[in-house]
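Labels run A, B, C, D, E and F following the written order; every chain starts at residue 1.
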Amino acid sequence: METVQVLLLAFVSIVIVNNLVFTKFLGICPYLGVSGRLDMAFGMGCAVTFVVTLAGIMTWMINNWVLATLHLEVMKYVCFILVIAGAVQLVEMYLRKFFPTLYESFGIFLPLITTNCAILGLCLFIDLWGIKSLLEATVLSFGAGIGFTMAICIMAGIRENLQLADVPDCLRGAPITLITAGLLTLAFMGFAGMIG
Amino acid sequence: MATEIKAKLTFPGGVHPPEYKEITEDCAIEVMPAPRQLAVLLGQHIGAICKPMVARRDKVRAGQVVGDSDAFVSAPLHSPVSGTVKEIALQSHPVLGRAPAVLIETDIQAEAGKQPCPDRFNKDFDERQYSCEKICESARRGGLAGMGGAGFPTRVKIEPNPRLPKHLLIINGCECEPFITCDYRLMLEWTWQVLAGIRLAARAAQIEQIKIGIEDNKPRAIHAMQQAVDQSGQRGRIEVVPVRTKYPQGGERQLIRSLLGKNVPSGGIPPMIGLCVLNVATCAALAEAVVCDAPLTHRVVTVTGNAIVRPGNYYVPIGAAVADLIDFCGGLTERAAKVVLGGPMMGFAIADLSTPITKTSGALTFLSQEMITRAKYDRRVTPCIRCGRCLTVCPENLNPTKIAHAVKKNRLDLADQYYMSACIECGCCSYICPANIELTGYIKTGKILQARTKKKMPE
Amino acid sequence: MLSKITVSPAPHISKAYSTRGIMLDVIIALSPAVAASVIYFRHHAAIIIAACVLVCVVTEWLCNVIRKKPNSLDDCSAIVTGLILALSLPPAIPVWTAVIGSVFSIAIGKMVFGGLGSNIFNPAMAGRLFLTASFGTLMTTWTVPATIDPGMPVISATETQAVTQATPLAWSKEAIKGKAEVQTVNRQLTASFLGNTGGCLGETSTIALLLGGLYLLLKRTITFHIPAAVLLSAFVCASIGFLLKSEAYISPLLHLTAGGMLLCAFFIATDPVTAPLSRKGKWIFGAGVGAVTMLIRMVGEYPEGVMFAVFLMNAATPLIDRFCKLKPAGGVPHG
Amino acid sequence: MDKIRFFLQQSWLLISASLVFGVLLAALNAQWEPRIKANEIAKFNRRALALVPEASTFETIDSEIIVDLGKGQKTHVEVKKALDAGGELIGWAFAVEGSGFADKIRLVLAADAKFEKLRGYDVLFSNETPGFGDKIKNDFFKNQFHGAPVKAYILNKIGDAKTIDDQIVAISGATVSSEAVVKTINTFLRQVQEALRKQGQIGNGQ
Amino acid sequence: MPIFAQTTGMWQQAGLAALIMVGLGTGFALVLLIASIKLKVQVDAKIEQVYEVLPKIDCGACGFAGCSSYAKAVVSDPELLGRCAPGGSETANKIAAILSLSAGASSVPARAVVHCRSHTKDKEFYATYTGIPSCTAANAVANVQACKFGCLGFGDCVQACKFDALHVIDGLATVDYDKCTGCTACVKACPRNLIEMVPFTQEKMMVVACRSRESGKVTRSMCAVGCIGCGLCVKQTDLFSVDDNLARMAYDRYEPGPACETAMEKCPTGVIVYRGKNALPPRPAGEKPQAAKV
Amino acid sequence: MANNDGKTLSPGNVLLAGLWRENPVLRLLLGMCPTLAVTAAVKPALTMGCSVIFVLLCSNIVVSLMRNLLKPHLRILMFTLTIATFVTIADLFLKAFQPDMSEALGPYIPLIIVNCIIICRAEACASKNGLFISMIDAFGMGVGFTLTLCVLASIREVLATGMIFERPVLPVAGDSGGWFVPWAAMGMPIGAFVTLGLLLAGVNLITRRGKG
């Protein structure tokens, strides 16, 4: 019962209270780049969720089972990124070959994700927070993906509306998106401290 | 005087503009003599534009065919007077801008002027003496086209269609537009003729059941029609149904929704759900065409508004210029700022007063500056404040502001996603918008652009 | 005679109200709350309100000048923003703070998005949030209404000087933490109804806000959907807490009358620009505002959650709109 | 064989780069690791030294000290002796951890030789909001603990921050962070005192 | 600190690190090699080519999910050219080159010509138009201006032109031939079909800048510079023809010469003008005709 | 673009490209995450910038040297491997010699690995150009990045704390009687986003005006 509660809190916390985009500035590039249309944003969100869950689990295992036992923490970053990049590339090739429709709808986002800080960032934060159970790491990774999806979908909705608005020329595109993102972080501030 | 009637039947959405019907509702139909010159436009109805059947300097008789087409969806055109064809030339058209027309110089000596013949009809009228085919043929030869606004050739509408069998005839006596009273006067004064037309239409279309929808702000018309139905022993078959006064109650889709609680599919037509909708004036014209063999050359026009000297309901030859009507009605007052062919909600603003009356022109409304800008600070347009009023009033349950914005930003794909094509252009959204945005205008524009990108409209 | 003739697409007549009319209505509806704030907080209130309105108007004018756009002041929306921002500020904040808030409201909250109608977030709340984030101490310093203490001290923000007069909601937070009696808090209901308690300028007097809200409803400037949804969902959430743990959670009625709940329900959440278009959307929006507010009030760290709730739901509005997309009366057309 | 050859043709670069980089990293790490370790200790020492300025070294005690965090969670505390130049015990210092407004808060606590009075605390790590919770780093708040008796502290919203006793005045607008500091100190301080006492390191077991 | 103080520990560590790295490296190299062979997917050659010139950093700046999806999109819709920010114009040009391989280039450039020369002062108005300022919207309203065929001047074509080559000058859409690329966007935009793509066989072309099919009398009453279909130009050269009250020029046969010049001079309303780069300003319009209407 | 193989590239041009014409943050919108995350104050921003210059320089050198040996399916892996190695070196260095900064920057130093600027330069410049041009390019891009970060950070730090480089520049209100009350919001995410947004708008204004 208690673990369930802990996991639930961890999930809510990473989705809302410690949302990677709003509080940790991670994954800003796709957040700005792929939030133009809702369907694209949702596809991106799904792809990120998938990869970040995978990456979170794999890096946790490598870190705790291999590197920590061998006292090779110095190899952490290199291993993390190799695992992420390799896995993403493999998954992409695999999807493209065997599930072309799935690939069309969400696999196209995969290559973009290797250079997405949210993935590596989450792995690093899991390490930094000293998460000791694989289950919690999994929940956190999945939650981070969900949090990213939520953020990018909200942004996409807003941007679709802004397309019809009379935004001053010099603010079109990235600037207004950034300002909107800033105001969004204000909205999520209300949840700060809710889960200790 | 009939008593107050409170109807319950209605549709969701719609608006309640001030009615202004009192200006002309007590003006009996008056015959307007033929003016010196008439211009019979060759495109007056939906469907193929007619080809001229006469040439320059030809003599024509009253009722003679001057234009026709072989197309299935079309109706012939007739000369309302005897006279000479002056020329065939471009003439201002309220919708098409400029369109070819047959210009006829009236032979004033020979022209007695056509009189309406409502006395030919009474309670003993029996439609069964006319065969279905004969009625359809008369409708076609008489050049009948819907007089409620769209001008769809009536023959096509009433002819039985095995693919789309019809089981109910709905007669549209709503006249929901402000100012207009021509249908009202018809129902009051030519009750029997209208009823005869209804029965003929039902016979032609082989429909047993008939409902006549009339807005509850016309208790006298409801009463008159009810009485006529009762007296002619048609009670079980024909039902006079009061509906709530609300614009656009007279839109056929809305009327059907009010009467039957059913929706006509978006972009579809009433026959798809087994219905036929006819306007009362169309019925009156049908009766005349079948019984008196008289083609559609004249119609009742409400000349109204607060900028005309002598408003009223007039029996006008089709092809008479707006200027002639103005002359006949004593001229415009100083305040005139807008001339609208039709009612203020859906009518077409014109500036060329030589524009002729067509089969679908039920009214001519002259508005003063105050009437146009009655609301608001000088019709200044502000950005949409997303108040949602336009959504609330849209009888088709659309999202007008989104469509209009999309059109404005040239995003026709987006406009389509918000079902631009389902708009009936009733104007409720523009009427209600506090920001004064011409939503209907944008939507119309969007439809035109859409049609052009699909290359349906070469011009 | 004909030189004056105009042509345009149909329709040729329109209803007799305008954007400006709507905004003026809101201003009228806010006047009881303005009056109450001046009664309770004297010249402090008057100065802040005047400053906010003035700065908002000037900022909008400046933005228009910079963008070389026609002047848009005559739609009066800047005045509404100024008023609502002022009414949501604590009585004792320095005027310069109000000025910064107003500039942020109009410049960042509204004009960068393209001005009236284009903004995603409620401008007044944007300003208030920015102030809260920047000057937390000043924004949580509640002075006593002048009717209780005519001297009404002006607070200088030293770092350890804490609450002067706790607001009902601050008490509620204490009660949740078990540091105050729920009963003592609940006894503030009457004071909160009249407005004779600590809080933001315009939010203290329930009766003034109700009056204004009623006016807006009667004039049909707003529809009942959003206020009803906000109050209902807040009431339900508060009741659940109250029923489960009445020793920690204050009475739902106090939750409705205290803090910015009514100001929000009638004036802030109803801002048409940042709320959904359709009726169904308005229900969802209102319910969301009520629920998030109560979540923050009862579980979160802040005593008051209205502005966060409104902001959050503003952000979700495009998605709600999309989710509640209307279907044409005759069904979706083919092709 | 061909396959292996082909594979090597394609991949020799990656493999050799891996080799080179791996060796490079390990070498650098070995080179710098002592420094990094020293930095960490230095950081603690710097903070602790500020609290116990007379100390010259801090020495970790050998015995285990376990603190109960409630809810069945326990943690190990590394307690250090502060020794002056002559090797005389002049105080105690140790790092503690609790959860603050936004993230974890890590503090250094120091007490006097008898573990009766607090020598104050300093922040090792915190992520509290700038302008709000990060005022727990400010002197006016920290000073309240300097010289305060080792007791369960009580947080008040109003009061005089200048008097040094068990009454702590909260940072205005950041009650949560203030509370977190007080709660963390309360959790650890007396348990450590108790444990040391039991081990006979202070007060001779009464 | 002495260099290589912990020599043994270090070499152990280095060995381990190298082992792990080499293991990972070899593993991935192997797996990816196999995958790249086994999972090869045939892609449209053109998309492949475009992809090759893209920076392949999948930054998403183009609004697409990575370079490959942008490559795919731009191949099917060349309007998306130039979205790649990191690649810049260099990349855009390369893509354009790839995409244009199939597009046959015609020898004579076609440029837009507005077939109206009526400025505000030349036109007759019956009324003030107060509706939406767009040509398409206004064209749906009767009598916005007397001539049903002339330029409305609300600039739908200006909006459509991506190259800033069109401007409404004094109520008349005017092409800037230094900028026009002949993309035909404006042709589609004009609701009155006034804009036609004319093959510019010469630096400047002689055009009949009118589309009015009204009778001469009516045209005169509506516009000071409209074609009245009098046929004087036809008498000079057979490059002109009149049909439906409107003179037309056979652009494909056009050669400058004295006959054309005479026709231009003889034209009573001056509707024959030059259009093109450094075309002379047209002859000033005659008197504005008296309003023939009420 | 600096990577045009046909044309000869002048070093000055390449350098300037990074500083302004193709400034990674302001013009290419790359590397947004660190830009936003570490600009609450100038010192961490500068540290971050220097780390990026170091990594960029090293990885460009390595990539440029082995540019002719790359196999397509292993290219990305090769790049990330190189970058990750140098990032780890930078991280170790900071931990050893700048422990405070290392702590302040936290995971954002390792996140340089996925900073789009570096992989973008590796791909767009180093893998196509010789050593010299690649180095110049790395230096220009890195300095452009650092300068932008510093501009952003100084605006934020002044408004959020009244200080620059932790030295007071505005008299902060308090017992000593200053007038400036710090805008804490500028130190929070909102400050980062809005300041960068307005900065970008300013840049847009300048460049569009330049084009006429």
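Going forward, a residue touches a chain if its C-beta (ideal position, glycine included) is under 8 Å from a C-beta of that chain, and two chains touch if they have at least 3 such contacts.
Nothing here was measured: the structure is a model prediction, and the numbers come from that model.
Chemist: If you walk touching chains, what's the least steps from chain B to chain D?
Modeler: When the steps are counted carefully, the minimum from chain B to chain D is 2.
Chemist: Quick check for the class: compute each chain's Cα centroid; which one is farthest from the centroid of chain E?
Modeler: Farthest by centroid: D.
Chemist: Which chain is most remote from chain B in terms of Cα centres?
Modeler: Result for the farthest chain: D.
Chemist: Give me the two chains with the most inter-chain contact pairs.
Modeler: B-C
Chemist: With chain centres taken as the means of their Cα atoms, state the distance from chain A to chain D in Å.
Modeler: 31
Chemist: Could you tell me the distance, in whole angstrom, between the mean C-alpha positions of chain B and chain F?
Modeler: From the centre of chain B to the centre of chain F is 69 Å.
Chemist: In whole angstrom, what separates the CA-based centres of chain C and chain E?
Modeler: 48
Chemist: Please report how many Å separate the Cα centroid of chain E from that of chain F, as a whole number.
Modeler: 39
Chemist: Can you list every residue of chain A that touches 2 or more other chains, as numbers and ranges?
Modeler: Counting only residues that touch two or more other chains, chain A contributes 29, 32-33, 72, 74-75, 78, 82, 86, 89, 114-115, 166, 168, 171, 176, 179, 183, 186, 189, 192-193.
Chemist: Identify all positions of chain B at which a residue touches two or more other chains, and write them in rising order.
Modeler: 348-351, 353, 379, 383, 402, 438, 441, 444, in rising order.
Chemist: Of all residues in chain D, which are in touch with two or more distinct other chains?
Modeler: Residues 10-11, 14, 17-18, 21-22, 25-26, 28-29, 35, 101, 129, 131-132, 176 of chain D touch two or more partner chains.
Chemist: Okay, what are all the chain pairs that touch?
Modeler: The complete list of chain pairs in contact reads A-B, A-C, A-D, A-E, A-F, B-C, B-E, C-D, C-E, C-F, D-E, D-F, E-F.
Chemist: Chain A touches which residues of chain D in the complex?
Modeler: 21-22, 25-26, 28-29, 71, 99-102, 129, 176
Chemist: What residues on chain C touch chain B, complex-wise?
Modeler: Touch residues, chain C against chain B: 1-2, 4-22, 72, 74-75, 77, 114-118, 223, 272-279, 282, 325-334.
Chemist: Using the touch definition up top, name the residues of chain E that touch chain B in the complex.
Modeler: 126-127, 130-132, 134, 136-137, 139-143, 146, 148, 159, 188, 191, 193, 213-215, 218, 293-294
Chemist: For chain D, which residues are in contact with chain E within the complex?
Modeler: For chain D paired with chain E, touching residues are 7, 10-11, 14-15, 17-19, 21-23, 25-27, 29-31, 34-35.
Chemist: Under the definition above, what is the set of chain E residues touching chain D in their complex?
Modeler: Residues in contact with chain D: 1, 3-6, 9-10, 13-22, 24-26, 28-30, 33.
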